[in-house]
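Below is one structure; the comments refer to it alone.
Labels run A, B, C, D and E following the written order; every chain starts at residue 1.
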Amino acid sequence: MDFDIKRLGFTLLGLLIVLNWGLLMNAFMRKIGARVARRIGIPWHQPWIDLFKNYSIRSQITHGLMFYLGPIFRLSGGVGIFLFMPMIITGDHWLNYSFQGDLVLIMYFQFFGMLGMALGAGEGGHPYSAIGISRGLSQFTTIEVPLTLAIISLAIQYDTLSLADIVRAQQGGFMHWSMWTNPFATAAGMLAALGTLGHSPFNLVMAPNEIPIGPPTEYHSTFLGVLQSNGAILHVVEAALFMNLFFGGATNWIEFIVKTFLIYFWSVFVGMVFPRFRIEQSVTWFLKVPLVLGVIAVVMFM
Amino acid sequence: MVNPIHIVSIALGVAFALGFLGKRDKLSLGLVLSTLAGMVAISAGWFIHFLNSSVEPLQIFTGGFKPPFAINLQMGLAEATFTLLINVAGFLGAIYLTKELLKTGKNMMLIFLVFILGLNVMVMTRDLFNLFVFSEIQSIALAGLIILDPNRKSIPSGFKYVIATGLISSFLLLGTVFAYYFSGTLNIDFISQASLQYVKGGAVAVFMVILAVILELKPFPANGWALDVYESAHPGIGALVSGIAGTTSLFVLYKLIPVAPFISDILITLGLVSFVASNLLGLSQTNPNRLLGYSSIGQLGLLSATIGMQQLLGDKFIFIALTILISHFFAKAGLFWLSGIINRDDIKDWAMLRKKPILLVLFGVFIFSLIGFPPLPSFFGKWSLIMELSAGNQYMLVTSILIGSFIEGIYLFRWLGYAIKLDFSDLPEFKLNISKFLPTLTWGILLIATGVVASAEMEGLSGLSYWPLIFIAFIYLIDELPIYIKNTLSIAGLAFYSWLTLPELYYTDMLRFIFMGIFLIGGILTLIAGYAYKGKRRGFYPVALIMYAGLAYIIQASTTLEFFFGWELMTAGSYFLIIRGKKSINHALSYMLFSIGGAYAILAGFGITFAETQSMLIASLSQLSNMVPLVFILLAIGFMTKTASLGLHIWLPGAHAEAESDVSPMVSAILLKAGVFGLLLLMIAMGNNPQIATIAYYLGWLGALTALVGNMAAAFQEDAKRLLAYSSIAQLGYILFALAMMSHLGWLTAMYYSINHFLYKAILFLTIGAVVLKVGTHSMYKMGGLIKNMPLAFIAVLIGIIALSGVPPLSGFGGKWLFYNAVIDKHWYFQGIIVFFSGIVAFLYLYKLIYSIFLGQLKDNLRHVTDISLWFAIPIYILIIGIMIISAKPEWLLQPLGKMISQWYPNGALAWNGGLATSTYGYWNGNGVMITIGIMFTTILIWLIVLSRKAQKVKQFNIVYAAEAPQRPETTHQSYNMYAGYNKALGWIVAPKITEFWNMMSDWILSLAHFTRLIYNGNGQRYLIYILGYFVIIYFLVF
Amino acid sequence: MTQYLSVEFIAMLTGFLLMVIGVWGIISQKNLLKIVIGFSLFDTGLNIVIVSLSYVKNSTAPILDKAVEVSDAASKIADPVPQALVLTSIVIGLGVTALMLAYVMRMFREKKSLEINSYNELKW
Amino acid sequence: MSIILAIFLGLVILILAFAAIYHKNIKVAIIASGAVGLFASVLYLLLAAPDVALTEASIGSGLSTIIFFYVLNKIRQSND
Amino acid sequence: MIKKGILLLLLAGFVVVISNLIINFSGSSELNPLARYYAENGPTEVGAANLVTAVVVTYRGFDTLGEVTILFIAAAIVGFFLKILNSNNNRTSSLRKPSEILETASTLLVPTIFMLGTYIFINGHLTPGGGFQGGAVIATGVMMIILARPTSEFNHKLLSILEAISGIGFVLMGVLGLILASGFLNNAFLPLGKLGNILSAGAIPIIYVFIGIKVGSELTSILNSLKENQNEV
């Protein structure tokens, strides 16, 4: 493979944009959440402050090698998805490294970070980390079912597994989006998106309210910084995935920002409205309506 | 050449002369033994004489007149063979009974001698009435021998025997005199010429004669008397009854068939009914001698059915009948003799055999011979029998023979399992009397020798080399040497064989090269781990090598017979490997039962193929045009018992989990691939046939469901090795699914998975096995936090699970990517989704595996555990290197595979551009992804190291614990029932329905066996009624 | 009908009925000695049947003396073969009876019972 | 003449046989069974088989009956 | 009751089966070829006036050898049986003394009976009778002695030597037939003599003597075993 400095540069620049947009979006969402709950909420720059603070803390503790490597895996997972996903479809600059692998690679690379995180938290020795991870993994198994059905439906529809090609096929107008050409796949995919983005009702994994601790609890300082960076990137990238799949992708950064915001907002919105599921509820939920929608989507294009 | 009549004159002369000797019992015994030896010499002389030249049989005219005016005896090849068998058995039987005979005195000696004599004449005579007289001699002598060991049991049973044979011989006499009346002669040949079946009344006469002979063969259900004799008489006598008396009766039946040819058809039915029923009844038997009795009766049934099939079998008849007969002859007598050495009333006590390991080996040889494993003669006999019957389209017969053999396998292997595994510390010591041991040993050796001779007679077995088996025998001989010598030799043997075969295969046959590589290289690697064991590890190396030899034979087979030979050898070897585990007695049994069932399905499939194509070449499978689906299904079921597909999988978890640490990878990573190889061969040969497509479609579903259930069940295991075992089931489900797609990408996926599964499952099983050796438990929740003590193991497991889970960049992802493309290409979306779903479920158990063992809190009792043995680490890291190479350069593997698969499926191949693979749908650059991820990962690592270079290490227990202070590590290790919520939601998928189904089946069969055997209520009169009823009913069936 | 009214046929019928009675005794009697008697009757019946097979109409014993000359022996004598067989059969019958009775004696010693139903230990 | 004798003998034999099977007294039964042999040997004479008749008389009915009685006697004794 | 019905049904079945034989039996009006052969050639080939003897001793002599063997092993088994009975029990009992009549009668009769037996087997090739019948008669004589003198002990050794000699003699005759004449048990190695003479029929008289002694001693040993058993209570 020829080393291409220009591509690397654009990719890093894209990463920077995505990171900052992710932090900002997080702040927005928290703000919105606070307002819905009639609180004032955080200032919009709070995430940057947190990030800076965490990266600068000097005292760090580690439980061992895997604990140490966990956040790295996690961040690699986030960045990796970014790397293998086309961001802006026009031109060649923002396609990142998506020429190295197709949609399947992206789907499986999601596990990279999860696995690393799970291992790191596991070595932390905290029992609740293991509980959270076991729940997260359980839930993830069924989230993926409607999502995969939707993706397969799209793959049949567009006759390709290349994400860039799927986006390109949706160009040429609003009505070419998969959302309209393949509404069932979109519905299934967007319901699955609720799970992947990890907000209520599917956020028992982190359980931010009842249990003050979860996988990230043992992490702090630099480690937490890394995790926060990843969180920001991942949210955007996940949203971008759905954008690419169902909503015609993005031809410029403005469109990118608007679409990812709306997609992200969709999950936050649902989270505001619905209470949290228990784990067995959420596991089975994805095997009900979303599964049916996904099956219909596949059947339509068989 | 000594006139055969002197067998009679010498034996009788000596028997009478014993009267002179008075009470000099030792001298008498010496005389009897030398007489028997002389009889052996005479018949051996004739045997050699007839073997070397194809001369006419010798006729001996007693009284000096030609038949039909006087009685004539005949000595031909058949008679020489049978008298030789009888006399040798008589000689060794007498040696075996030395002690008893000396104790009881000369009366018994002369009865013994006369018994053997009677059998000899029964074989030789050509006169019907003479046959009656000598069969009376035989049965009266036997009635005497039964009380050799007079006790409360043997005397009533002797009485039952006397009255039963009295009734039967009355039938014989009645038939004989009327046969004389209707034909005017008593000579068998002349009666045959008279064709009495066409004479009114004459037909009834010969029917009575032949039925009396059949009744002597103890057909079900008119055989209660015989069972009692087997149970109560001294086992040395049981050996004679079962071995030689039965054999003689069979020969007599064979001799008399021309007299009443119409009996053949019903004889087949009667024989097979007896075969199946006696074996069924044997299931609930615990007394070894009676069990052997049931087995004997079953074998006699099979053999008499074989005699009835004479016309069907044509030229092969002699070979088939003789091989099965000889197996029965040696094995049953040998088993009875062993029973006499052990002298216990419960088959569970046979664990005593382990105090004298050579006896255990003999026991194994006998059992395997009865079931028909190679290289023992009955293997070839049964093979030929099935082939010939199939060629005659006798599928009902094939089915019942296979069912009967299967049932026989159940109790014989249960018994073998008891002997190998049950605790024997409570059982008494026993002395191995040389006079008892020698005959048994001789029989074992003769059995193997006849197997070798029989194999030389077989067509379609020329491709196999016997050198590996000889090598194994050598390894067995040095079993007493320390482990490192044997291990080194075994590895050297495998390496040498690899060197012989692999380079050649590489250029000629890629498919076989790959599987041979998995088997042999895998074998070498797993054997390296054996250095970690101490002591002698008796018996391990021979059986492991038998398995590898079987696997190699499968690869090298060009005919179906060679394939089946290897298949059975592999099954036998792996059975012994599996049963070595601590608690694996039941698992090994169920493994064996599924294997036998599968092997019989394969046998039936090959039989049908042979019937149509008249060829034993594996390639001939492709020439089938009729019954393609049936053959395909039969063979597929056979192979799927090894790949443990859903429904046939229940043997696997226990068998793999309880096996020894270095055996689990052998049976999981390597052995299962034999099934895959079989399926591949099958599909290569028959895939073009359009009828297969539908079956393949269902196979695909089966594979998908196997994957789902396997992974789901693995997620709920608490036992590390069991978890991996279920994982293997699921992985083989993937492979089955991919194979069933029957497309280029599908097969590419399957091959890629096969190789990968070999690599990572070997790593995981070896590592976990090594950990288990150190920790001393399989239960994951009893471990935890071992990462610090066992970094080597942790890294190996980490890489193993990443590779297994399919997370990029390691090699597993390649499989997933191929899989997606193949599924979309084939349009099997829903099955694909299920497989994909189960792939994600795999994360659950993989995380559980690594977390419960290596992460979390370290238990107090494991503080001082050290890292895994270096001998385990070496093969593990070699395998890891393999995984890394495939991960970094998938094209090195995928391109040759693609080229190979293009032979069969030229369309839909991947297009390669450097490291970039492109399919119709997607693309993937394994190398590029590896580099990208590597750089990114390193960058972030450096970034973190820079930021947190002063990170302070704390103990694991140093955690924030919800405002409580944790007391003990156990309370903070969340491992037991880890996926409780998931179980609540989806646990119903793994409800043990299939296990329940099989349990129900076995319960049902057992209770059937139990209720049926109530007909033997022990009453001698009832047995007479059965005999009479049998007689009457068969009469009405025939006429 | 007249063909049945001959010595040999009556003898054969007697023999057959004797056999039937013997079999009935064997399968219906519970006393060991009676069973042995049944066997003995069965044997006698069988022997009678065999001998009646040897009979040729109006023949004499197969012994050549003044009454039967060598030259016309073939037309006068009964068939010697079945007679020879019966000799053997009778002796064998004696041997078997002795054997059975020895067994009965020994069994009786064990249990003091002549009922065949008391010797059912071995079963299944 | 011989036919009538044969019929007579046959009837006697069958009656004795019934007695042998059904008579309560085992002694009588044994004697009846021996008598069956004796009458059978007469029948053999009718059937031109003097050799057989002699054998049956001496062995079939004679010695067997003696053995029966020996055994019966033995059983009686040990039953005391 | 049901059981009885089943048994009767079974018996009826048995009757049906064997009545097939009896229905097809129609008597014989002439000899079959085999018997005819014996009738025509027996006197010249074997030289025995009693054709049954010719068949028994020569033509089917092998059967007879078997028959003797059966008696031999039956005696051995009965002997063994009662030996183990006795070995368990060493008690001897006092039997009732037999009546004087029996005692006297036996003294008078036994020699006559023995002579009769001997006559029967020596003349076996001429008149009805032969080794078996003669042997049985001798055994009857022995039984008489047993009855008359219950306490008398037989000389076991003599008995078994008699058994052995006669048995071996019989076999030896067979082998001589094989070596000197045309086959095993052929009688023609001695001159056939004139039909009807006592010294005729080649070896048949000798064989019958052996058979007679053999059968006599076997039966005696059976009776003797049973007798000894009588003493034990």
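What we mean here is this: contacts are C-beta pairs under 8 Å (C-beta built on N, C-alpha and C of every residue); 3 or more make two chains touch, one makes a residue touch a chain.
On a predicted model such as this, the values are computed, not experimentally measured, just so you know.
K.L.:
Identify the chains in contact with chain A as well as chain E, in label order.
P.N.:
B
K.L.:
Give me the set of chains touching chain C intersected with the set touching chain E.
P.N.:
Shared contacts of chain C and chain E: B, D.
K.L.:
Contact counts by the stated rule: is the higher one at B-C or C-D?
P.N.:
Comparing B-C with C-D, the pair joined by more C-beta contacts is C-D.
K.L.:
Of the chains shown, whose Cα centre falls closest to the middle of all protein Cα atoms?
P.N.:
Measuring from the global C-alpha mean, the nearest chain centre belongs to B.
K.L.:
So, comparing C-alpha centroids, which chain is the farthest one from chain E?
P.N.:
Most distant chain from chain E: A.
K.L.:
Specify the chain most distant from chain C by Cα centroid.
P.N.:
So the chain farthest away from chain C turns out to be A.
K.L.:
Let me have the rounded angstrom distance from the C-alpha centre of chain C over to the C-alpha centre of chain D, please.
P.N.:
Centre-to-centre distance between chain C and chain D: 11 Å.
K.L.:
Measure off the straight-line distance from the CA centroid of chain A to the CA centroid of chain B, and report it in whole Å.
P.N.:
54
K.L.:
Whole-Å distance, chain B centre to chain D centre, using C-alpha means?
P.N.:
A distance of 59 Å separates the two centres.
K.L.:
Centroid from C-alpha atoms only, then distance chain B to chain E, rounded to Å. What do you get?
P.N.:
A distance of 55 Å separates the two centres.
K.L.:
Show the residues in chain D shared as contacts by 2 or more other chains, in ascending order.
P.N.:
If we look for residues of chain D contacting two or more partner chains, we find 49-51, 55, 59, 63, 67, 71, 74, 78.
K.L.:
Multi-chain contacts in chain B: which residues touch at least two other chains?
P.N.:
Touching at least two other chains: 129, 133, 136, 140, 143-144, 147, 150, 174, 178, 181, 1025, 1028.
K.L.:
Among all residues of chain A, which ones touch two or more of the remaining chains?
P.N.:
Touching at least two other chains: none.
K.L.:
Chain pairs in touch?
P.N.:
A-B, B-C, B-E, C-D, C-E, D-E
K.L.:
Please give the residue numbers of chain E that touch chain C in the complex, ascending.
P.N.:
Listed in rising order, the residues are 4, 7, 10-11, 14-15, 18-19, 22, 25-32, 34-36, 38-40, 42-43, 49-52, 54-56, 60, 63-64, 66-67, 70-71, 73-75, 77-78, 81-82, 85, 126-128, 130, 132, 195-196, 215, 222, 229.
K.L.:
Once bound in the complex, which stretches of chain C touch chain D?
P.N.:
5-8, 10-11, 13-14, 17-18, 21-22, 24-25, 29, 31, 33-34, 36-38, 40-41, 43-44, 47-48, 51-52, 54-55, 59-63, 77-78, 83, 86-87, 90-91, 93-94, 97-98, 101-102, 104-105, 108-109, 112, 114
K.L.:
Using the touch definition up top, name the residues of chain E that touch chain B in the complex.
P.N.:
7, 10, 13-14, 16-18, 20-21, 23-25, 32-34, 37-38, 45, 58-63, 65-67, 69-70, 72-74, 76-77, 79-81, 83-84, 157, 160-161, 163-164, 166-168, 170-172, 174-175, 177-178, 181-186, 188
K.L.:
For the complex, which residues does chain C have touching chain B?
P.N.:
Against chain B, the touching part of chain C is residues 23, 26-27, 30, 32, 35, 39, 42-43, 46, 49-50, 53, 81-82, 85, 88-89, 92, 95-96, 99-100, 103-104, 106-107, 110, 116-117, 119-124.
K.L.:
Can you list the chain E residues touching chain D in their complex?
P.N.:
The contact residues of chain E facing chain D are 50, 52-53, 120, 128-130, 132-133, 136-137, 139-140, 143, 219, 222-223, 226-227, 229-230, 233.
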